[in-house]
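The structure that follows is given in the form of structure tokens.
We call the chains A, B and C, going by the order they appear; numbering starts again at 1 in every chain.
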């Protein structure tokens, strides 16, 4: 019985680590939604691009890992801007559902283009971080690193949004877009900035994921849906709500997976999401 | 008679055309479901599992699948419409549903074969070409007629829904004095009815798909991938016109097959890459889809010029 | 010296013209009111000046320089701050964050601390509530915050759109006292109001805008004495 408890504790702590990562992933999506009012369904595919960028720069071109990661963050940030300028901007005035669908088309495109360019093989970075033992429990250092970097990234984003002029403008624009020019703010520029930031967060997520998982063209599908559901459950656009929801979801996945089987953890999380939507459709901290 | 390959393509166009039509019944009302993969998966897997493990005939299995799909549709649809979960939120709730279906199939790998998929036990013994009781036919012509019948039935449902929607709209107007809440319930009930019809039709499509291909796989009959395929097939063709979804099915299939014939298997994802790019362009520049845009262009050419509409609505000065 | 001049400005929304050849001038240091009935185009006039909507013809000059090619978000850097109709604070930002948004232009950021002190000096109530979401303020406090936000950019010209609208009578009085104090500080003010009797006591000159056209122009004494104004707008 005691052994069982220690493994349950391990599962809970692993869930905590996973929660940090999921919170980072949902943060970028929430930022975009909060500012531009568009859900990037292809967000996880941008992360996939970032993972390939790290992989190719590090493994094929022998860049130092950190340099490859920094480049990946920049590359995905640029992808975010391209996505906004060429795909989102033309549909800003269209029906909201078309904005959702158009990024779904991008999802399709990126996935297929990655298959075309990189093949369907699973690619591994070949970097193994040790696991850390804590009594009977063991934790992968990659997860620990991911957790710490994710928390640091979120803290940085929080400081940026609460302290800087641009960050304040990003929060303000979701509350009253029409009068932003009176403040001397060009909404179009804030949109581009938010897209770049959202992309950079996806790139950061990619750097952390590629340490733990192999990259392949369909990898986006394995954590894309969960990221949206976290955002919706937290309340679309509410970064604090997404933060809470990420940790709740992670516990479902980790503990549910420990008690039953990995997929059942996800099934429980999704079922819980559906139930939550009926109980609180606007999300934990959402406004509608 | 035509060869097996063209026949196979026609069967697939009609089958997917039927499934996309089923999806569009909801989609054109603004109920954009990302969850239809769940209903297709329920249809395909219920039938195959009951046949393989319990020896249920697919006819009985299909009834069980339809009952199951109906229960799921009501379980999801009723609260959604009751609590007015619409737009983005509806799309994302149903997205969760399709993932639940896929994950449950994978998780039950001891029974379902997990992500490797499953094959229904063959009932075609000793050179037989048809086993109607097991819904297995090696002759593609039989399948052609079956699928054609379903496709036509799908179109008939589309027209029937059109008529009843018109009646509903009239009712809503005539019952204007009634309390707003009761009209809300009325609308919710109508939406639920459409959802039920659409889910059941998609479920039947899943049964047909499984029995025709004699192979099921969680990724090809359920999950976000197949759900998006339905959404985009319908959009590409045009979800607001009756034949639009079928045009979408034909377009995507011919695109894939054409590129495959042209390039062989050298570029395995070329068709989906082009398709993805086209989808993005469609949604931006041609949101009514291929057939929708074509019909509109035709109408614009034949219609007499109408006096330009004056914009109304005075902005507050 | 001339601060702002509009020459034969026409403007409108799709399919609806709101302003017809409107010409308005504001000298540096003076307070000018534009009065008129509801729907006369007063708000549109201010929105054209701050370029929230484009003029279809005519010319707008600020300190002699044309605003024709200035994008909306750079108008504030030319010294024009616009307090919009209904105040339009960011309800979920705090009072101080709202004020910070007012200091968004690069030049204004450098003097943020000093101007914040100035605004808090003008409205001590805002300092008490600096950490509170702006949406939780009372109507009068919100109007102070909106004016404070506009002052944070260090404007030469302040555009006020119906500052007294929707406020209780006693608060209206306070707001007009405030406007008078701001004018006394040396700001140039162009104010749009329906509360004609009050506003004419504050400003030196006024224009009467009716159905998108300037009907009358003169100093406020002349307005108060005019038979037409007294009959139609003051009910005397």
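For the reader, a short list of remarks on this structure follows.
Assume a contact is a pair of C-beta atoms (placed from the backbone, for glycine too) under 8 Å apart; a residue touches a chain by one contact, two chains touch by 3 or more.
Please read all numbers here as calculations on a predicted model, not as lab measurements.
Counting contacting C-beta pairs between every two chains, the top pair is A-B.
Among the remaining chains, C is positioned farthest from chain A, on the basis of C-alpha centroids. The chain closest to the protein's centre is A, with centres computed as averages of CA atoms. With centres set at the average Cα position, the gap from chain A to chain C is 44 Å. Chain centres here are Cα averages; for chain B and chain C they lie 56 Å apart. Centre-to-centre, using mean CA coordinates, chain A is 30 Å away from chain B. Residues 30, 32, 76, 79-80, 83-85, 87-89, 91-93, 95-97, 99-100, 103-104, 106-107, 223-225, 228, 231-232, 235, 267-273, 275-277, 279-280, 282-285, 287 of chain B touch chain A in their complex.
Residues of chain C touching chain A in their complex: 50-52, 71-77, 81-82, 84, 88, 90-93, 97, 100-105, 108-109, 149, 153. On the chain A side of its complex with chain C, the touching residues are 165, 168-169, 171-172, 175-176, 178-186.
Within the complex formed with chain B, the chain A residues making contact are 39, 87, 90-91, 94-98, 100-102, 104-113, 115-116, 120, 217-218, 221, 224-225, 228-229, 232, 236, 261, 263-264, 266-267, 270-271, 273-274, 277-278, 281.
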